[in-house]
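Both complexes shown next keep chain A, but they swap its partner, so chain B is in the first and chain C is in the second.
Moving on to the complex of A and B:
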């Protein structure tokens, strides 16, 4: 019941924010919602399946570049087409990449995802004609629900229609993920996280289920990536750089990976903390590094772990 | 003949773990594999469950060669196993652990948007197995919070939840207090009847259990089958008793009579 109350209050707040908050803070909510979608997917892999990807920015990049290429090269402006296209592009790339990565666990899985992320980053950087190289590409304002929102200034568009569109995508992504983690499939993923040998002895095909989880998380990351590109208006290779992958892992840890809503809280706190710290102190990574160290050592359950009973985190897991 | 091994050799480098093991398991049998440490029992179990491919020889389950095909494929064929060192899902509940096995048996684990809570069949099936193993009142307990004996039971119960035709139990009563061992075996044999198991193979050190429940005992020594006979015949064989059992066996007062009826 407490969860239901909190969710209702949060939903009302999310609906009301554009009406009451200054435009600047409303625009900060946009990356929060985009990252929220990314992290729901990442945590299916991390929190539920027990695999830490250090290359997931690859799929954010694919989503963002899909949006940029479609809007600025092909004149496709409908967000309702861009999001499925981003999901499809991510699935096409994730299918072979995932098939290779899921054969490995722990650090080897992490390093292999990192390696693929770096390959894609270099591709974006070097294939200038297709990707615009280090300058990247423009992501033109997409149409929403069939309207160009032509009368809206850039800010009015972002804090109005685009905000609510992003919110709708986030809510839909959350509901779907809520179903996924409570499905027979979700239970199979948890058995893999908990005990791979036992899972296999019960007939759970570990590599196959890991691959499914990888695919779902890649699709989520690409949808989030496409959402992320619009407020920036420009996409560039740093979206796929490994530090970006590190940031999203940090967000998950910050919020708490053992909780369904932990990653969303992590994204929210990360975005607003980064904004606050950057405005007063140029070395924001110094602060964030300290925060990360503090969390890992003293609050392994993340911020959610401070509210809820945390799942004990083992220093090494078999 | 349900399960048959012929001339199985397993080498680890130059070390010969199994040296020409042949055995066969027939319908309705409860077979115990015994032997001192290093005799090759664990290797044999791993070869029989398709986890290890034999270096030479063959293993056939229901006539199909299963050498090294892996546990996942073998569960589909109808074989399940439990482990010597208890294997559980620490952060899942008892019910969830059993549900995982039921999902695996029924198929459809890839239905990503289906509701697990809304699936009455998976739940009923899991609860039925929980009841057979006296775990029903602990259905919603996290398995890491179970006492050791219940963890062991759950490990075995989840293998039973696959409703296999044959089950391999690697020391089903290790880590269980002496007082509880027979109770565990009674639960196990009762569940086997209910589920309609065609055969049980166990590796066991406790000779009361071995002699009390087996139709047949296979004694391994240095990777070879030293004896393959009924408990009564093994007891009469001074050499085997000496080399494998290590002492003259005196039946436990509470143990059922050897060759007592079982599945």
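Moving on to the complex of A and C:
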């Protein structure tokens, strides 16, 4: 019941933010929601399947570049077309990449995903004519629900229609992921993480299930990447760089990988903490590195792990 | 034609000499502590910046420019002692954890060191100025090669043989190999694993910082140089095989020379080619050319 109350409050707050909060903080919510979608997918791989990808920014890059190519090269401005196109592009790439990567686990999986991520990064950087090289490409303002929102200034567009559009995508992505992890499919993934041999002996095809999880997480990352591109207005190769992959794993760990909503909390805290730290001290990586080290050593359950601790007491009371 | 070929080859071997040092540091740490140290590139950057400062201090206090290689190497080696702090302060807490967390801890180190370098040396590239060619140039089959490059290649070879000697011929080397092979057994036989880990990790970080210091006369130190090098060092150890010194040697030559050839033939391919080879090796032979541990 407590979860339901918290969720209702959070949803109401999310709906009300553009009405009450200063525009600056509303625009900070946009990358949060985009990363939220990315992390929901990443955690299916990390938290639920036990595979840590150090190349997942590859799919963020694919999503973002799909948006940029469609809007600035092909004149396709409808976000309702861009998102499925980003998902499709990611699926096409993830199918072979995933099939190769899921044959390995642990450090080898991490290395292989890192290598694939860097292949895409180098491609974006070096094939200047196709991708714009290190300057990247412009992501033009997409239309939402068939309207150009022509009368809106850039900020008004972002804190108004685009905010609610992103929120709707995040809510849909969350509901879908909730269904996925509660389904027999999600349970199989957890079984594989906990005990691979047992899962195999129960007739679960381990590589196939890992591949499914990889595909889903890639599609989520691309949708999030496309959402991320609009507020920035420009996409560049660093989106696919390996440190970006590391940062999103960091976000998941910060929030708590063993909890469904942990990654969303992680994205929220990461974005707002980064903004706060950067406004007083330019070297945010130093602080964040220390935070990450602290979490790894002392609180591997992340922020959700800290909240979750009192729970056994409540259960015994009820 | 030959001159051009020799130029490309020597450029590649110089790069390989540097890569070998960093990759050897990565290997020795992975071999014994089973930690894939993403921060080895950051040690490399740290060594580079320290090298620049050490040389500037040396020449600024009247040291003869011709001897700049001495403060350069000493500075690079000295800053490698930061490995003691890193091992005792961070890594020792996670030896019995899942390797995901170990990897993420070294990633935390990457983030911290990158900004520590920016705080200390600023964001603009720094270099040792015109000292690079102070040893002159040598003519090899019609090609002109800076003597400094030859010195670095020789130094790297000496270090490679030194490590080989250390691992196979000394008591400490036997302890390292025993610990890499079977940690519990080594501990049961009375090896103080804490000391082995401190020393091995410091050895690894010193190899990285020395590599960074030695490369710097030929280029300029930039704050991103660490995170860029780690992916190359990573390619070296994947091709050579995780944990193998011989693998680091061969892998460094492969990556160094291929990169040099690709840059002069078809620059767009540069790193792309190397990552494709990495993927090929991981798929066809995940333990690499000389590795023993399979996936």
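Following the convention adopted for this analysis, the second predicted complex is superposed on the first by the 308 of 318 C-alpha atoms of A that agree within 3 Å, B and C clash if a C-alpha of one lies under 4 Å from a C-alpha of the other, contacts with A are read in each partner's own complex, and residues count from 1 in each chain.
Everything that follows uses one rule, which is that a contact is a pair of C-beta atoms (placed from the backbone, for glycine too) under 8 Å apart; a residue touches a chain by one contact, two chains touch by 3 or more.
All values derive from a computational prediction rather than experimental measurement.
Engineer: For the combined arrangement obtained by superposing on chain A, do chain B and chain C clash, or do they fit?
Structural biologist: fit
Engineer: Contact-wise, after the overlay, does A:202 reach chain B, chain C, both or neither (first, second, both, neither)?
Structural biologist: first
Engineer: Counting residues of chain A in contact, which comes out ahead: chain B or chain C?
Structural biologist: C
Engineer: Once the structures are superposed on A, label A:180 by its partner contacts, choosing first (chain B), second (chain C), both or neither.
Structural biologist: first
Engineer: Output check: A:216 vs chain B and chain C. Expected answer is one of first, second, both, neither. What do you get?
Structural biologist: Touch partner of A:216: chain B, not chain C.
Engineer: I'd like to know which partner A:306 touches here: chain B for first, chain C for second, both or neither.
Structural biologist: A:306: touches no partner chain.
Engineer: Under the stated touch criterion, which partner chain does A:105 make contact with: chain B (first), chain C (second), both, or neither?
Structural biologist: second
Engineer: Just chain B (first), just chain C (second), both, or neither: which does A:95 touch?
Structural biologist: neither
Engineer: Check the residue A:283 against both partner chains and state whether it touches chain B (first), chain C (second), both, or neither.
Structural biologist: So A:283 only meets chain C here.
Engineer: Which holds for A:23: it touches chain B only (first), chain C only (second), both, or neither?
Structural biologist: Neither partner.
Engineer: When the two structures are overlaid on chain A, which partner does A:145 contact: first (chain B), second (chain C), both, or neither?
Structural biologist: neither
Engineer: For the superposed arrangement, tell me the lowest C-alpha distance between chain B and chain C in Å.
Structural biologist: Least C-alpha distance: 16 Å.
Engineer: Please output the residues of chain C touching chain A within their complex, sorted ascending.
Structural biologist: 36, 38, 90, 93-94, 97, 99-101, 103-105, 107-116, 118-119, 227, 231, 234-235, 238, 242, 267-272, 275-276, 278-279, 282-283, 286, 295
Engineer: Would you tell me which residues of chain A are touching chain B in their complex?
Structural biologist: Within the complex, chain A touches chain B at residues 176, 179-180, 182-188, 190-191, 194-195, 197-206, 209, 212, 216, 311.
Engineer: Which part of chain B faces chain A closely enough to touch in the complex?
Structural biologist: Those residues of chain B that touch chain A are 70-72, 75-76, 80-83, 87-92, 96-97, 99-101, 103-105, 108-117, 119, 122, 155, 158-159, 161-162.
Engineer: In the complex formed with chain C, which residues of chain A make contact?
Structural biologist: On the chain A side, the touching residues are 52, 54, 100, 103-108, 110-112, 114-116, 118-119, 122-123, 126-127, 242-243, 246, 249-250, 253, 283-286, 288-290, 292-293, 296-297, 300.
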